[in-house]
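Think of it as A, B, C and D in the order they're written, each chain with its own count starting at 1.
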Amino acid sequence: MSAADPGAWLVWLVMSPLIAAILVFLVPRIAFGIACANALCTTALALAVLDRVAEGPVRYALGGWGAPLGIDLYADPLTGVMLVGASFVLLATTFYAPGYLAQARIDALYWPLVLILQAALNALFLAADIFNIYVTLELLGLSAVGLVALADRTRAIAAALRYLLASLVASLAYLLGVAILYHSHGVLDLVALADSATGTPATWAALGLMTTGLAIKGALFPMHFWLPGAHSYAPAPVSALLSALVVKAPFYVLLRLWLGPFFDAPPEVGDLLGVLGVAAIIWGSVQALRQDRLKLLIAYSTVAQIGFLFLFFPLVKAHTIVQGITLLMLAHALAKAAMFLAAGNIIHYLGHDRIHDLHRVAKELPLTLAAFGIGGVCIIGLPPSGNFIAKWLLIEAAFDSGEWGWAVVVVTGSLLSAAYVFRVIGHAFTLDDVPEAGNRVARPMVWTAFLLSLVALTLGLFAAPLLEVISMPVAGTADAMGIFP
Amino acid sequence: MNVGEPDARSPLYRVLLAVVTVSIFLGLTFAILSLPPDAAGLAERVDAELAATGVRNSVTATLLHFRGYDTLLELAVLLLALIAIRAIRRGEASPPRPGGEILTVLAGLQAPAMILVAGYLLWAGADAPGGAFQAGAVLAAAGVLLVLAGVQLPQRTDGLQFRVGLIAGLAVFVGLGIAGVLASSAFLDYSRLGVRVVTLVLEGGAAVSIGLVLLEMFRSVLGGSRAPRKASRSMGQLDG
Amino acid sequence: MSLAQALPLLILASSLLPGLVIFVLPERSRGARTTLNIGGAVVKLGLVIWMVGQSVQGVHYEFRASLLPGLDMVVRSSALGLFFVGLSALLWLVTTVYAIGYLEDSPHRSRFFGFFSICVTATAGAALAGNLLTFLAFYELLTLATYPLVVHRGTDEARHAGRVYLAYTIGGGALVTIGTFWLYSITGTLEFEPGGIVAPFVDGRARVLSAIFVLLVAGIGVKAALVPLHGWLPTAMIAPAPVSALLHAVAVVKVGAFGLIRVIFSTYGIEVATGLGLAQGLAVVAAITILFGSLRALAQTNLKRLLAYSTVSQLSYIALGVSLGVPVAAAGGIVHLVHQGLMKITLFFVAGNLAETLGIHEIRDMRGVGRRMPWTMAAFTLCAFGMIGTPPMAGFVTKWYLGVGAIEAGASWVVWVLVASSLLNAAYFLPILRIVWFDDPRGDWPQERNFGGAETSLMLLLPTLFTAAAALAVGLFASLPYSPLEWARLIATRQYAP
Amino acid sequence: MTISVLYALVGVALFCISLYSVIVGPDPLRKVLAINVMSSGVFLVLVSLARRAPGPGPDPVPHAMVITGIVVAVSATALAIVLIQRLHTAGAPTAAEDPGDDS
């Protein structure tokens, strides 16, 4: 296949990190070089795909069999945006990691693990077959657990185990749903399912099982219990990857299912998910306010932000909702990654992340604090951040569907996030500038965090063209996202 | 360490949970009973395309050809799990357990036979039930037997050859996939590579990897794996 | 990009870029920092003057960037916007000079001036904003950029003040945001138009539109310190004097007052606002605020707190003027943007001089200070009389126009409010003037610093005298062409043009 | 109700029972075992219902899925057990260990 064939790009998006992982596993010495090459290559590919899918979705039949017998790779604007976001965050962490790993004495097996994680992410975003999605989910979950456990400390190990068990139960619920769907419709391909899915008991059972499973993996309140530990005790670059990308993946699958086979799901289910989302926003924010460790605060903020994503389900039929949610996923990924990387710098410098002892940070690590602050401003959703546009679209959707209670929720949630973000920044502005210096923070670590936060902040200015791409034929119908080729 | 959030001991909680699970059961039962009595699924399509795969066993055909991509990813899962385990263990090694004289001898006699069986399963897999996974499992079993019997296996589990063995299955899949691309037009499309050969190579690579990885996992759990500490340190320096 | 598009951006950049550069400057490189500060301010003032000159000849400057389908970020030149941006550009230059003198050798100067410049950028942006969304964006940016200035001292007290400030302003921002969303969902546009944009949608939606109006005014009213949303202003007094000047005269409260004008004139349109009885409501709130602020000021013993409450009171003249619904009063309100700015900034400069030179914070310590610092206190006296509203000071002009307008509008009660507040102003300013000029100086000041011959550092004195003179001038020459008053009258009458 | 459906129901029963014990089970090892039983239940549902296909053999696709699923399950179990072992060797988190440090 020629490089011009967009289908080939899809394949390479999965294979490039996988091959890189194999090489790194065989010859550890070249790890960093390989990782950089892969990161740059996948970023280019992702951008190319995003550009291409603007003209319409791309399908690629692996092995030439074609769905429903074979497995297809599928990319539409939603996929494109996710791929681009993932590759950006991974690019940043790739340059960030070496300094951090060296200092925290973290095993170099980080590299193969993180490369497989990327392969799993891309494979999941490109998957169009519900069983294939199951395999990618497992690949993703196990690599994430391995990365968490790299922080070789008992708390981290415990968090990793808890994460693993939760994610296994979730996968099995999902798999049982797949089994029931397959045995009632005889196909695994999302499109074919969306065509043939009807309101049979089997479909609704599958809906329940798969949604629950994915909600556990996506840490929807009250199934978020595994997240704070896993995301806060992991090494900083891993925390960034988990909060920015990994936790979005199951939600992405939910999006696919609810825009496809489950599009006609009873609205009560959607409302229930929305209510849980609201609970997540409030609970997560309140917990974030009560933490005294920076990384735990950021982790709980992720719990809250996931709540915003789940406002998708009650508004699923609204006009601008898909654009809003997609943009929100991207914007949150960038901002949250920046915040975790900044937190990593602070820990690296101070040796701890107790919020009350953040003196000197404003003076000694201005760029890092700026990165955290800008990331926080994005999370709050102030203009011109991408989150602002995204929340604007959410509220618009709420007004369109006449249920503007959800709009109030969005604004309230933003206020709460402002509270915990500035709680941290306030502590960074303190008088006592103790002369004692902390560990020097390597330049790449500072700049990756800072630049990432700038990208997140200015995302809103580029939102218009992005939204042009995301907006698909008839919004509000099952092929709103162009699930149908 | 408790997956459930509230106190799992409180009887009320247990009762509630029991009610929930029972209702889940009832709901799923209803769903399953409502399934159509006979559903073809993809069986006919598989039979129709079977000839094109050069494999007579439809399960093997599905695994290696129709849904080969799944199999590829799942080999990645195996490898990944092993890498993660190594990263976690950082190689606390426990001494090889002393095995009884007779046990050692018998195991030494039995292992070759098992390896032979594995080979047969591999070959037969194309036409009859069997194939890479069964073969790999038997291989691993042979290894496990030897380990338990205290037979000294090569301990350098981080050597290059050994690692090549671990990744063989995945590498073969990816390699042949790309070869398929170059030869004809689609990733994982073997139609122009001589399907029979391809099938064997894939099965062989997969079997070796699966056997080795499973064995490695077992030894890790035993705490028997040596040297990863050294390995991880030698790796640890590279980006220091 | 043509000049017509570039100029508004240049005006923003002229303060933003220096600010960003200053952030990364090391503390000791004072020369570079000062050059950047002054340079940026001068360039901005120049650009603004030029833009004004061109606009008078009918040139229109606008930059537009699409943010969402059907929703743009717009910065453009409009009469009202230029009026405000001109004021802020001028006062920024003065305040910068003053701040350089004031913060001579305090820590974190780079950080301070960095955020200082961003504040002014946000103010200019809000002034030039072409639609409600853009205004909202800069409004929020202003909040964020001011926070580090409020907590600049880093003491617990300062951090507490910062928390209060954020609680009020972010909350207000949220209200404005909801209002904006809601309005957009009805009108489908947020552009600022002379006659307003909601007129076509009034029938049947009166109640909803009133609710939105309340949201917007309540949100913006936080920064405009309308009672009961004024709580943050006295607390924020903890900040250094230049910041107080910035908060009270140049940036924050001014953006609030300006926002109220925008909502009434450019979004709702005065007809609609009066038709729905909203303007009258605002007028009442403003009147209450005027009296309340003055009453609280009476009770203060700390100079800066007294000035803070006097700001609360004075600001509402603006809201009052624009909500009375007749051009004369509107002109009075709009021109008070300038008058209050000049007078109040002078008063805060004076407070700063006293603190820096003699360590005076409390009013009782000011006994006889007039002999120690005659020039400074002369400036203080001028502006105090201005606040009271004695001719020919600027404050008199405002109150005169407001009074005339009130009678035109048939709201004679307003006149009584004006009289009462003038009496109150006199009641809290005159005693100060008495002890300043006629009491014997106490022997020693808390911490006296000596500046050779001069009564204080010239960097502190000259800005004070300049603004005081300006406050006198705009009063004296109010009726000359191109005076702020004429300009304001032009703007006001335009609002009522058919 | 055919025999295959009966098997499927048994699978569902296994799923639910082990779900219960995953949640209440105090000991992580027991949770891991429960999860394995759970997966067996799911696999049982997959293969037994495949029998409903008309024609000579069962539908091969679910069988392929099950084989894949088994391999995944094995890997996950091994990982879980190693984590548990490590937890045991390390003992409970000590107060000295700062969640903030080096993470």
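Assume contacts are C-beta pairs under 8 Å (C-beta built on N, C-alpha and C of every residue); 3 or more make two chains touch, one makes a residue touch a chain.
This one's a predicted model, so the numbers in the text were calculated from it and none came from an experiment.
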Exercise for review: Find the chain most remote from chain B, comparing centres computed as mean CA coordinates.
Suggested key: C
Exercise for review: State, to the nearest whole Å, the distance from the C-alpha centre of chain A to the C-alpha centre of chain C.
Suggested key: 43
Check your understanding: Using mean CA coordinates as chain centres, what's the chain B-chain C distance in Å?
Key -> 71
**Study point:** chain A and chain B, separation of their C-alpha mean positions in angstrom
**Key:** 29
Exercise for review: Calculate how many whole Å lie between the centre of chain C and the centre of chain D, each centre taken as the average of the chain's C-alpha atoms.
Suggested key: 66
Point to revise | chain A: positions in contact with at least two other chains | key: 105, 131, 135, 138, 142, 145-146, 149, 157-158, 161, 165, 169, 176, 180, 182-183
Review point. Which residues of chain D are in contact with two or more other chains?
Key: 12, 15, 19, 22, 28, 31, 45, 49-50, 52, 61-62, 65, 68, 72, 75-76, 79, 83, 86-87
Revision key, fill the gap. Residues of chain B that touch two or more other chains sit at 1, 3, 28, 32, 35-36, 39-42, 46, 66-67, 70, 74, 77, 80-81, 84, 88
Check your understanding: So what shape is it, when you link every pair of chains that touch: line, ring, star, complete or other?
Key -> other
Revision key, fill the gap. Those chain pairs meeting the touch criterion are A-B, A-C, A-D, B-D
Exercise for review: Using the touch rule from the top, collect the residues of chain A that touch chain B in their complex.
Suggested key: 1, 8, 11, 15, 18-19, 21-22, 25-26, 28-29, 31-32, 60-65, 68-71, 97-98, 101-102, 105-113, 116, 119-120, 123, 131-132, 135-136, 138-139, 142-143, 145-146, 149-150, 152, 157-158, 161-162, 165-166, 169, 176, 180, 182-184, 186-187, 200-202, 204-206, 208-209, 222, 225-226
Check your understanding: Of all residues in chain D, which touch chain B in the complex?
Key -> 1-2, 5, 8-9, 12-13, 15-17, 19-20, 22-26, 28, 31, 45, 49-50, 52-55, 57-65, 67-68, 70-72, 74-76, 78-79, 81-83, 85-87, 89
Study note, to complete from the structure: Seen from chain B, its contact residues with chain A in the complex are 1, 3, 5, 27-28, 30-32, 34-36, 39-42, 45-46, 49, 65-70, 73-74, 76-77, 79-81, 83-84, 86-88, 90, 160, 163-164, 166-167, 170-171, 174, 177-178, 180-181, 184-191, 232, 234-236, 238-240
Revision key, fill the gap. Listed in rising order, chain B residues that touch chain D in their complex are 1-4, 8-9, 13-14, 17-18, 21-22, 24-25, 28-29, 32-33, 35-44, 46-47, 58-59, 61-63, 66-67, 70-71, 74, 77-78, 80-82, 84-85, 88-89, 92, 133, 210, 214, 217-218, 220-221, 223
Revision key, fill the gap. The residues of chain A that touch chain C in their complex are 362-363, 366, 377, 382-384, 389, 392-393, 395-396, 399-400, 407-408, 411, 414-415, 418, 422, 425-426, 429-431, 433, 460-461, 463-464, 467-468, 471
